[in-house]
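One chain, subunit A, appears in both complexes that follow, with subunit B as partner in the first and subunit C in the second.
== the complex of A and B ==
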């Protein structure tokens, strides 16, 4: 490829990124507004949730005062615009349910979720590649049949079920690993502690996500075995190993990249369930609480965050795809 | 084996991550530290916003505290606060030489600041209604606080268990989102060393506590909302104590080294009966419903024995106030007679009606609450046996309130501190038809109103005692609810400490109250 073509290609990728980012703005606005409207339509009342137990017997005047202070009875468009104005200026507001600035709530918990999700995702990819390749390589053999069967079984198993099963076996019966939290009770926060407490949640997350990748890699490899360049390589007498790893795998990996983006929503959902089962102090519990307490500020911030992650994931996948395969068009 | 593949793959995952063996959680412990598995996590630790208003807060002290019998004892106040003869001015004198955990000396100005902030509409405090009678709080000198009330309010001293905060910590800070809310400073027996939200909180003993340094030096509170997860982690030996539903706690009854503690409470569950329906507007029908309910059967089956029958909002554990004659026995025959008398007669199919109108009372409960669901079903089946159609419906608290005029609902609440706080807003006709969770059944009874007003305004103990006896008698003759049960709270505790004392508990029993309400006075068993 000439440098001129490369430069043109680079510019096209840049345009794609800009176009996608421009498109992301209305999507974020739409999603966050829909969230406000949904929350408004929910049967939960933020002021009553804020009082919790103490709502029983609270004097009507005091309750009305807080309602007034927060402006929860104002029209949803007005509330949304007020939130948006502050959010654009970088002020995410205070979480009503946790009596803490939203940025602090997210700052406290997000790193733990990112840690869990990134290792879990990496591990799922690795498992997908290794087992998927092994299965395709030995297509029809006992290894392939085992891997495929297990993958289908795990695909069907709910994440929380896997989590509880792992908890029962490794924490309660075998006592190999701690059953939840970030550290042992009373232990200080340290690398060793966090690593041992990460093992179960990360493994469960990876195992729940991996089957999809395994099956995908296997399928794609099998398809590429029948393609001309692979058949050609075989007919040239190259070793089986060279053919599979050097020729077939390389081409079949391309669609894999897009999957990274597409699987992100699944991954986030899986992480929420894993966090709940293992009392992992990530963003999951805060998300559930925010929804149940109709905590507009926290919900708004979390939704925008999750939507951005998905949009960015998709964009990243497309860019990688474009960079890896010159034939890919950049109009989308 | 069904889940063998899963296990194999998990094992593969472990190898890949690089498994290190976990260090044993239980170190050779002398009982100087304790790990508590709590079912609920506080939203904040700020008394102004509503954290632990009834004391036992670990981090703060109020002007007064409570002993095992719930008698008020002086805490930050030198002696119990006293009221002027007209009951309009309450004065508290502060103990000398108390300091906050950061070394700042406690002043009467801090007390004034705390109460003024609660009353400030901008604070959005959830407990402001408790102090509605207060018109002014002032500090004539550094050790004296005066509360001025708009009307005599006998149980006012019961509200003075609210924790006191240092005013210094709130200079130029918005109370709603102050850093103090998660990293508080108090005068109490413990300080907050770390609070990892959603996971755990670590408390350290305050070595210079005015009441003496606690013997249990480190308290780790792990927050696990799910009952089964908490039971699992208790079984794995991770916790020294936890709260469990009665049935799960039963597993520890015979277990060596553990104790099951069943604490009585004033935490009631009751059926609020709408007083304006054609069926239930007649007191005879409401008495009949009360007589038709088999409360003991509910306690035996739904609560595994951990509870007491309820008739009024006053718990039978409150010996000082409870009227033993104010009860409803289980008497379906008498209930049927009363319904007949009220004109609701049974047809051939056993269903009652009057003038062609069928007897019907829908019962609502909040969907996520399993206990209330079981109580709603049991209540409905008892009421159906009387010939009244009682469909059960799951919904939210908000909807229960919206439909308060036409449906019955399973409500919960109650506190053991004073009959006024337990009954006034719930049953006084002043609150009937007001918005919010006050007098949800629109109950109106002049004798009940009169007795509640006398009890609230009189400072004389004999007059108050008589007023609440009158109240209970007037109420059971014309009940606005069918109070069902007072729950016992059950705990599992490693048998390693001395000093636990039984205290009748309010609804709240996470980090505050509960079996560890007096943790600062526990000592390790040698």
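== the complex of A and C ==
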């Protein structure tokens, strides 16, 4: 049974979604235009790039014809609008470095990145909750000190360095797990192959993301221990387990929801480096290749993609937060 | 019988509210000591030993750690620890300059937004939100790719991606300072907007700006390291920590683990020292806004 208040709340959440989607459109336009303008301002000429050394022997007419076809000499705004028209229709242009359509590159690679990132993120959250709660529960004890010290250290360690360390120990020395790629050389793509190749990258991503969650959960739990409802629960004589898991953790998890969205950029950054270390055939590898080869079509599409993921993640986190906590205001 | 249940002893609870942190000294002294050693090494060692003059000694190449070379030697027989000192010098310089650049950009944006208010403020804050929604390493990669990898490209890339925090801090500080009586007094005294900003508002924001610049250094170093690792950072001859780790990847395959170990450890220790020391400073400056994320 829904009450009037609940229905009103539901409508307010719907409005929030609409408003945020409305904000996302100008952001994406601005980001894509800025990239476009930067690409045009850079000294790189895509036509020269296309010809490479052959430009010396190429006839001026042919070069001029390609310039004309690609429209590289028209004003930036005009070119941008043309790109936008095609992009809205689903045509993101061709990647110069990988020599295939950008949408194909993304379609081929996105599922692998999503697989890596979602499992890694889930694992990092789980580690954060478990270790953060354990540390807060035993505040000041050896467990707490160990967990906090390890977290600070891992937080300071570059993720690719952790990746190399894991690669060396588990793949090169112990030979427990494969060191990179999606499958063994020449092996067919199968669930077993992918799972064994996924273990190291996912663990490294999770271990590098977890410390932040651990420290956050620990701090929030400690703060909630001095809140009235927790003190009340303790004074009623409930067991520690009941107080921590049933009362303190529940309230301190609320801000956690918003953070899921706020951590997305970090997660994408981490995935980019982890994919590079383990030659994971995801989006990140394509990004680095695109950057090394000054492949603007691919770079622009990937940046816009990452930005929309971040915006969507923030929105999702806010909606979850609003649904979980009726006290949250919905304006702004 | 019922009485027994009532008087059952309650188990001792181990839950405790967040205890008051111990004296900051236990963070400050080790952090300052490590920083002191790192800075001294980075400044003094190159004066004493020249890496380029150190003879390439192929007989001593690829040695694992031993008393003469605590972190081993590289494929040319150079001491890995000595290379780390040189690399740290480059990384710290880039980090410091980039942190200064990003703070300058952030302060300018924050000061404009905070002191002008109105639509300028709204526009600039929307800009901040927009840049914040692009993952910063990705944006950094794009900027470096466009400018071509070089020292200045890396610094610009960090400067243009890391100014958001200081812009937000400066704006909110200025907004709260604006309602203070001394600003009213200056307005009544006939000072221009610019004079109020430069003489009255900015000096009061300076400590916060310096703090956020310091806190930015580890981020900037990290960013530079990541870019260099991807091959999009500093050119190979300006070896930074990231370049060193990138180089060491090849040796890793042939068992030379020590070449990757040292630069990573040096980076971790120095990062912890910078954030430890600036954490003490921050707690003193903003006693109520204690963050859980830097120690």
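One rule holds for everything that comes next: the second predicted complex is superposed on the first by the 298 of 332 C-alpha atoms of A that agree within 3 Å, B and C clash if a C-alpha of one lies under 4 Å from a C-alpha of the other, contacts with A are read in each partner's own complex, and residues count from 1 in each chain.
Criterion: contacts are C-beta pairs under 8 Å (C-beta built on N, C-alpha and C of every residue); 3 or more make two chains touch, one makes a residue touch a chain.
Since the model is a prediction, treat every value here as computed from it, not as a measurement.
Undergrad: Just checking: does A:38 make contact with subunit B only, subunit C only, both, or neither of them? Give me first, second, both or neither.
TA: Touch partner of A:38: subunit C, not subunit B.
Undergrad: Which partner does A:204 contact after superposing on A: first (subunit B), second (subunit C), both, neither?
TA: First partner only, subunit B.
Undergrad: Which holds for A:176: it touches subunit B only (first), subunit C only (second), both, or neither?
TA: So A:176 only meets subunit B here.
Undergrad: First (subunit B), second (subunit C), both or neither: which does A:153 touch?
TA: After superposing on A, A:153 lies in contact with both subunit B and subunit C.
Undergrad: Classify the contacts of A:254 with the two partner chains as first (subunit B alone), second (subunit C alone), both, or neither.
TA: Neither subunit B nor subunit C is touched by A:254.
Undergrad: Which holds for A:314: it touches subunit B only (first), subunit C only (second), both, or neither?
TA: In the superposition, A:314 contacts subunit C only.
Undergrad: Just checking: does A:216 make contact with subunit B only, subunit C only, both, or neither of them? Give me first, second, both or neither.
TA: In the superposed model, A:216 contacts subunit C only, not subunit B.
Undergrad: Who does A:165 touch here: subunit B (first), subunit C (second), both, or neither?
TA: both
Undergrad: Counting contacts the way the document defines them, which residues of subunit A are shared by the two interfaces, the one with subunit B and the one with subunit C?
TA: Touching subunit B and subunit C on subunit A: residues 44, 153, 157, 165, 167-168, 172.
Undergrad: With touch defined as at the start, can you tell me which subunit A residues reach subunit B in the complex?
TA: 43-45, 48, 50-60, 62-66, 69-70, 94, 97-101, 105, 108-109, 119, 123, 126-127, 149-150, 153-154, 157, 162, 165-172, 175-182, 184-187, 189, 192, 195-199, 202-204, 206-207, 210, 277, 279-282, 285-286
Undergrad: State the interface residues of subunit B toward subunit A in the complex, per the touch definition above.
TA: 3, 5-10, 12-14, 16-23, 25, 33, 35, 43-44, 46, 49-50, 121-122, 124, 126-129, 132, 174, 176-177, 181-182, 196-200, 202, 218, 220, 222-224, 229, 232-233, 235-236, 238-239, 395-399, 411-413, 421, 425-426, 434-438, 507-508
Undergrad: Mind pulling up the subunit C residues that touch subunit A in the complex?
TA: The touching residues are 10-11, 13-19, 129-130, 132-139, 141-147, 218, 222, 225-226, 229-232, 242, 245, 248-249, 252-253, 255, 257, 260, 263-264, 267-268, 271-272, 275, 292-293, 295.
Undergrad: Considering only the defined contacts, which subunit A positions touch subunit C in the complex?
TA: 23, 27, 30-31, 35, 38-39, 41-42, 44, 137-140, 148, 152-153, 155-158, 160-161, 164-165, 167-168, 172, 212, 215-216, 218-220, 222-223, 225-226, 230, 234, 237, 239-240, 243-244, 248, 264-266, 268-269, 272-273, 276, 287-288, 290-292, 294, 299, 302-303, 306-307, 310-311, 314
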